[in-house]
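In the two complexes below, subunit A is the common chain; its partner is subunit B in one and subunit C in the other.
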Partner chain A sequence: AQFESFLCDVRVITTISKLTKTCVLRLTPDNLFFVLSGKVANGGVSMWCELSQANFFDEYQMEGVSPEDNEICLEVTPENLSRALKTIQNAKAVKVKLTKKHCPCLTIAAELPTLSSISRVVTHDVPVDVIPRRLWNEFKEPSMPDFDVSIYLPPLKTLKNIVDRMKNLSNFLVIEANLSGEMNLKIETDLVSVTTHFKDLGNPPWGDDASQDGGPSQSRDPEAMAQARVDIRKLQQFLMGQQVNPSKAMCSKSTHRVVHLILLHEDVSLQYFIPAVA
Partner chain B sequence: MDCIVTGGNVKVLAKAIHSLSRIGDELYVEPQEDGLALRSVNSSRSAYACFLFAPLFFSRYTVHSGHTFRCKMAIKSVQAVFRSLASLEKTVEKCHIELDDQNNRLTFTLHCKHGLMKTHNLSFQDSESLQAVFDKDSYANVFRSHPRLLVDTVMHFPPSLEEVTVSVSDERMWVRNHVEEEGDQSKAMLTELCLASDEFDHFAVQAHNSVTFCLKELRGLLVFAESTGLPMSMYFDEPGSPVVLSVTDSVLEGNFVLATLSDDPNHRKKNNSRRTHTRPPPPPDDFMNDDIDSYLIAMDTSVAPGSSATGPPTPPLSQDKDTQPPNKKFCSLFFGSVLPPSSQMSTQPVSSQQVLASDSEDDVQ
Partner chain C sequence: MPLSTQSQGDAEQYVLVASLDNARNLSNILKAITFKDHAIFSATPNGLKVTVEDSKCLQANAFIQAEIFQEFTIKDDSVGFQVNLTVLLDCLNIFGGSTVPGVSTALRMCYKGYGYPLTLFLEEGGVVTVCKINTQEPEEPVDFEFCSTNVTNKVILLSESLKEAFSELDMTSEVLQITMSPSQPYFRLSTFGNSGNAHYDYPKDSDMMELFRCTKTQTNRYKMSLLKPSTKALALSCKVSVRTDSRGFLSLQYLVRNDDGQICFVEYFCCPDEEVEEQ
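And now, the complex of A and B:
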């Protein structure tokens, strides 16, 4: 596979590098996906990040494993990718290729501007592991759980500040939200309980492409809170990595099962699933 | 010794000390007739740095002739004197460095604005002279550029990166990170940068060589060069021979000498056979383990002239030819025992060997 690009927005990869050490990169003719499947090793969190290749690359050629399975699956270390892409921010041109050096690599070659007539070329070979087709099932797009409540998030920076402070008091955090745009973050210990209330957040209207099964039942009481208790560190890790304020950030809860966070920013969508604990 | 540094030069002195601290923990101070030498070396003797400040750098420079004074001190203590570079510039008018013989202290007095004076009395230890032996002018490959070029190059490599390999051809220089083959090579990210010769002010290649050295220790010099804007020169020869980076202006000269990997058995053999013309072949034991100890011992005893036992004067290139597995190791720099010329003449045929030539750092124009 080979793509030429003027890859401008590397921040999403930096964000992902803060969420996980390794993840899977799926390349299809139209999209790139960064996937982390929920395994016990990750504490059950999973992530799905989707980028449309047309928005990043001027030229994109790829040939999958076979015509029926026209995609490539690689295991990558996002930190390496992020580091490589950071150094080529000012490049005149960037080429990304899947190559085989001492091992399969994503080779990122950039032409840097210089004062001389000959450009400076920097090449980063990021080792990857090719994932065999039989394991591809693990990295399919996650299905949307039946959720009870969906709500727009307050500014992530605010959330992060609050969660950072709460983390010092407890390992678990309860997120609750209702269909009237209200959300609470609660922690409770033997000594203290702290709640932060958010109002007027707004609830996304369902029927957009994030919903697969028509949304929550209409008979739900708009004031009733859907609750989920999560490991606070996982939420904190998610918030830590965010560098950009997304244009849309939503949180959906299916009571007692999973918290689904979705961020949309320009051409990137990032979904993060945190399992709820009892 | 008694000297005074004024104005902007105080900051330059401070920066030099900070960059020396990136090499080793101790600062070797040697005031000479031709200037003040500040040196540092790392614990494995694979990196050495020296700044030589000419008398003109100082507004007053007095050295007691006839009594060679040499000392070493914890570099952190000296850094503490020049702690905040930004405030140095704004508040310090001059810095007076004076040897207090009676109390065995080196006194640094900072004369600051508003009549404020800060005096630091630092204790020191007598020390042997520390001088790496290298002759950069004889090296095959010489480059000079604005420090910005090297800073921009180094930026592409992670700060934790240990070793880089620099390779040259007639028109190009490649810099890439060096990965040990025995290590976890499948996971290592490789970065390579290619520079064209016309990005340099001077690019003279006589031998298409590749040298591998430790990048970390160099960063101190890069910071110094970039902040002073002085062009940086780089000299290297064959693998195993040190790489030298220097900055020079009319009143100071800084040299950072880093050992390079010598791992090519062919190279080793070639060098050995050359050396045998001028000297008996080196002992076939591991240079790293045995001979370096004898060098260290020799250095400690060099204070008393006459004990010139430096062991066999093997250059850093001499290798164990047969038994050693291709274990890549950095060659240590060769440290000559510096003795008063009279006692040295008979034991060491210094002039006939390239590698043992006296270090050029004493030449300050």
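And now, the complex of A and C:
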């Protein structure tokens, strides 16, 4: 398998490095995916981040494992990638290659400007693990569960401030939302109960089409709240990583099962699934 | 304003309702006395007094007069309860407590009486948060019996002069010694730590000394661990009055200006650690 590309700017890698220590990088002819599949080890959260390679790379050459399975799957530590990319921010040109040194590596070679006319070349070898084809099933795009409610999120900074304070008071948080653009965050302990009410958030149009036949969701009472109780640290972790305000941020709930957060920046979509707890 | 759209029926049931356009005018001053989890709230028609105590040897009080509040309604002569102060501060700062000019959190604090939680309605930018904090029966605060007729020595200093000294205080010293005298050294703070003894002298004619009224030489020691929290009150204040009485009890009174320039007071009482013979 081969992979070679010229890279412009991948800020999303810093965001992902805050969400998880390791994840899977899937490379296909058109896209890159950063995937975290929900395992007990990471508390059941899963993440799916999709980038269209054309938006980030000037040149992208990829040859998968075989013509039928034209993709490459690597296990990466996003923080290592992010650190390497940070040191070469001023580069005139960056090249990323999948190479084999003493172990498989993503080799990032950057041409850095200097005062003289001769450029300096800096190379980072970021070790990765190649994931064998038989395990690729684990990293497929998650299927959307039937959602009861989808809603646009309030400004992430506001959410983060509130969730940070709530974390001081409780380990669990209830998120509820309805189809009238209302969302509440609730915590309740022996000492205190706190509820934050958001209004006029708006619901994405496709929220109603969640189910195939359009039956149940059409008859859903717009005021009825879909609720999910989650570990507050998982929500806080998601909010901590967000450095840039996304153009769209949405939250969907299937009652009592999972909370799905999706952020859309111009070129990137990031989905995060937080399992609901009893 | 969303907060005032509560049902009128509710308003009838509360024995205490206090509203502020800027919750920081309460949370900032409470931070100056937050060294223990629990605080005793005592409200009278004059305003709100919040008390925090440590081992019956130290007491801090914050006074917020009724005029500071945009609304202050009390049904009885006196309303008292006890709450977890850390939880209260987290609630008052639920929107992040950042100081962005022009943006503030509005607060409506309501209490129905014995057995009911303290209810806070907080609003910022159209988002409303409702907090219900459990209350307990208020303990009786210690009466330090500190009265002005018994005051032997009093000075009023500009806080900035003390801030530097307090930030440099040798924390390896178990006590802070305060000497006040009509003659040299007038007003002296001393520590006795691992790196040696340190003295901070404030002459009576210094620019920083607004008032100097010492009748007799007194030297008293106070446990450093007890006085350390008072540094928070000092940091907020512009002036501080230091008084000792014939027993060596210490009263520190801090004049604090809030965001809107209004005046509130914070007061610390401390028992002396041991009597030191007058020099």
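Some notes on this structure:
Assume the second predicted complex is superposed on the first by the 259 of 278 C-alpha atoms of A that agree within 3 Å, B and C clash if a C-alpha of one lies under 4 Å from a C-alpha of the other, contacts with A are read in each partner's own complex, and residues count from 1 in each chain.
The criterion applied here is as follows: a residue touches a chain if its C-beta (ideal position, glycine included) is under 8 Å from a C-beta of that chain, and two chains touch if they have at least 3 such contacts.
Nothing here was measured: the structure is a model prediction, and the numbers come from that model.
Applying the stated clash criterion after superposition on subunit A shows that subunit B and subunit C can sit side by side. Applying the stated contact rule after C-alpha superposition, one finds that A:143 touches neither subunit B nor subunit C. Rounded in steps of 10, the angle subunit B-subunit A-subunit C defined by Cα centres in the superposition reads 70°. After overlaying the two complexes on the shared chain, residue contacts for A:198 are found with subunit C alone; subunit B is out of touch.
In the superposed model, A:122 lies in contact with subunit B only, and not with subunit C. Of all Cα pairs linking subunit B with subunit C in the superposition, the shortest spans 10 Å. On subunit A, the surface touched by subunit B in one complex and the surface touched by subunit C in the other have no residue in common. The touching residues of subunit A, when paired with subunit C in their complex, are 154, 158, 161-162, 164-166, 168-169, 190-200.
Within the complex formed with subunit A, the residues of subunit B that make contact are 155-156, 158, 185-196, 198-199. Of all residues in subunit A, those touching subunit B in their complex are 77, 80, 83-84, 87, 101-103, 105, 114-127.
Across the complex, subunit C meets subunit A through its residues 84, 86-87, 90-91, 93-96, 98, 117, 125-134.
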